[in-house]
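Below: one structure, written as structure tokens.
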Amino acid sequence: MIISLVIHGAPGTTQGAQTALTFCRAALAAGHRIYRVFFYEDGVHNANALSVWPQDEQDLNAAWASLVREHELDAVVCVASALKRGVLNADEASRYEKPAASVEPAFDISGLGQWVDACLNSDRVVSFGV
Amino acid sequence: MIISLVIHGAPGTTQGAQTALTFCRAALAAGHRIYRVFFYEDGVHNANALSVWPQDEQDLNAAWASLVREHELDAVVCVASALKRGVLNADEASRYEKPAASVEPAFDISGLGQWVDACLNSDRVVSFGV
Amino acid sequence: MSTLHIVNKSPFRSDALQRCLALVAPGDSILLIEDGVLAASLSTLADSVSGRSVTCYALIDDLAARGVSAADTCIRSVDATGFVNLIVEHRNSLSHG
Amino acid sequence: MSTLHIVNKSPFRSDALQRCLALVAPGDSILLIEDGVLAASLSTLADSVSGRSVTCYALIDDLAARGVSAADTCIRSVDATGFVNLIVEHRNSLSHG
Amino acid sequence: MKTLTFLARSAPYGSSKAKALLDMVLSAAVFEQKIQYIFLDDGVYQLLAGQDPSSLAAKNVSAALPALELYGVDQVFLDLASLQARGLSTDQLLIPVTTCNAADISKMLAASDMVFSL
Amino acid sequence: MKTLTFLARSAPYGSSKAKALLDMVLSAAVFEQKIQYIFLDDGVYQLLAGQDPSSLAAKNVSAALPALELYGVDQVFLDLASLQARGLSTDQLLIPVTTCNAADISKMLAASDMVFSL
């Protein structure tokens, strides 16, 4: 089955991002196809490349980046949510005259159209961290 | 009177940071001394220098930075909260081998000891965004 | 020697106001802010504090934003300066999460 | 043609479970996750869905983390694979915010 | 074409949820999907006339409501019980909406491909 | 020395609030302030024995509880009504605590310089 995920919660603050990660791994292990993982609102913080987790805690940002790379997932960060929260790629950093990019390169930054596209092309869309 | 603020909420996601900003301005206008503004948990996102707000919305990050500069406020970001959320100064970016700093320079990054110190040296401590 | 109880959550979605009412003592005050002001439009809040020597306030900007008004004259509107004054007048404040 | 209702909030702090129960239809299922599993330890949930052809599940990792267990055998524990299967078996899912 | 159902259940201004769901609705409308936009629980406050968030430096969420029909979002519902539980009535609302009850919403959910609730 | 009162009212693991308040308590303890640490509402779940969050890749919040006294945090209270409302009893708790009621908490609040609640 073709499944997409929408993630609303920041890692560390609420549990939703962790639940989504575990769900995503289990869906892949069961042979389902993950069409897209869409990060919305505070969910975009999962794609922040600058976060530094304590050594005695699981680095949830690294775990997402690693899962995305390993399975070549289509991981999309909502651009409006990301800009407001300081999650930028190099183009945006340059355009808005910010000193640095901050998005983990395994994630794409795009619009809500990518979420609609995921609805159209998936059998199921599951929301986490609402 | 000597007042300190503790801010738990991210700007834009919940209203607490905006309420705190308005409270802080009113307290200053009434002649009170703001001993410290302590940003904790998701509140550290108020100090993110990379955020880009839509042109038709108030830039809450810029509003905080401007208030802090204008009144030379002691604005402190909790280091443990900030690291996990990717709000770093140049020293930390270098130490943890991250590509960039992201904290607005008007804010200091320090520990919860600064919050305890604020409790000891203030007549009132008010929490926002819990 | 009194506490300013600050409630910022809708009384319909969260139990924050109920938990506040369980702890409020005579001489304390309650200040509704943010989505908490939605409780100001209900008569139940005024009934709950009636006879308990508890004063209720609501932040006027939050009422106006939502287009609601206080159901009872016993709930007083305050602006940001009034909020600061309430903090000064009470010994401590408790922001109910 | 049924819905999987996902509830992730404590039944004591939030009205999410109540709002879920107001919308649940025969053939639907309820999955408790995160702080939502705290409802599994109460007999009231089992009573609420009794006779309504609604099946209740709780995520086992979330029960174990909090040291609570389901009060009633009618609330079934599932792991992450079971969660995925529930998503597959239901036409859609509704994450109650 | 898919049937997408949106449950607007949060009061405006206290959080970004009302705006975040509205943005999803408008995006889905651009792609011409079948949309059911249902206001219930605290979401009914989004429909109240007379909102003025200017002093909060926030955008008026209700300003977009009259334009929903232009976007092709013509299936807008209001849960009457939610409105009444809050001491409100339909003549206080900014736009005309079709009232419904919990059983109606359950039926709409059963006929939906995907459901989003904020 | 100031009297700081901490109201732990959130269940562990669903959010970072339990850990965030604990970190505040421990920091205040380092500065040797008078601390009242009160577990009530869903915060009573923080005291339950048998928590095992290893499969959530989360740290066990309750692991720090037995060390509280070493940090000088010896005023730890539990709201008995909150515990009972959740179908729990004191013999299910990880550490011994002094039970209290709402009136006791109101008195502690009145005697506090600052109050923090998460």
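Chains here go by letter, A, B, C, D, E and F, matching the order in which they are written, and residues are numbered from 1 within each.
Here, contacts are C-beta pairs under 8 Å (C-beta built on N, C-alpha and C of every residue); 3 or more make two chains touch, one makes a residue touch a chain.
Every value quoted in this text rests on a predicted model; they were computed, and no experiment measured them.
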(request) Show which chains lie in contact with subunit B and also with subunit D. (result) A, C, E, F
(request) Using the contact definition stated above, find the chains touching both subunit C and subunit D. (result) E, F
(message) From the centre of subunit D, which other chain's Cα mean sits the farthest off?
(response) B
(message) Going by average Cα coordinates, which chain is farthest removed from subunit A?
(response) C
(message) Which of B-F, A-F or B-E has the same interface as A-E, meaning more than half of the contact pairs match by residue number?
(response) B-F
(request) Give the chain pair that accounts for the most C-beta pairs in contact. (result) A-B
(message) Can you compute the centre-to-centre distance for subunit A and subunit D, using the mean CA position of each chain? Integer Å is fine.
(response) 25
(message) Please tell me the distance, in whole Å, between the geometric centres of subunit C and subunit E computed from their C-alpha atoms.
(response) 28
(request) Averaging only over C-alpha atoms, locate the centres of subunit B and subunit E and give their separation in whole Å. (result) 34
(request) Could you put a whole-Å number on the gap between the CA centroids of subunit A and subunit C? (result) 38
(request) Mark out which residues of subunit D touch at least two other chains, giving numbers and ranges. (result) 8, 12-13, 15, 34-35, 61, 92-93, 95-97
(request) Note the residues in subunit B that touch 2 or more other chains, in rising order. (result) 12-15, 41, 80, 124-125, 127, 130
(request) Give me the residues of subunit E that touch two or more other chains. (result) 10, 13-16, 41, 56, 58, 113-114, 117-118
(request) Can you identify all of the chain pairs that touch? (result) A-B, A-D, A-E, A-F, B-C, B-E, B-F, C-D, C-E, C-F, D-E, D-F
(request) Going by the contact rule at the top, pick out the subunit D residues touching subunit C in the complex. (result) 12-15
(message) With touch defined as at the start, can you tell me which subunit E residues reach subunit B in the complex?
(response) 13-16, 56-59
(request) Please name which positions on subunit E make contact with subunit A in the complex. (result) 2, 4, 16, 20, 23-24, 27-28, 30-31, 33, 113-114, 116-118
(request) Going by the contact rule at the top, pick out the subunit D residues touching subunit F in the complex. (result) 8-10, 12-13, 34-35, 38, 41-43, 61-62, 64-68, 71
(request) Can you check the complex and tell me which residues of subunit B touch subunit C? (result) 1, 3, 14-16, 19, 22-23, 25-27, 29-30, 32, 124-130
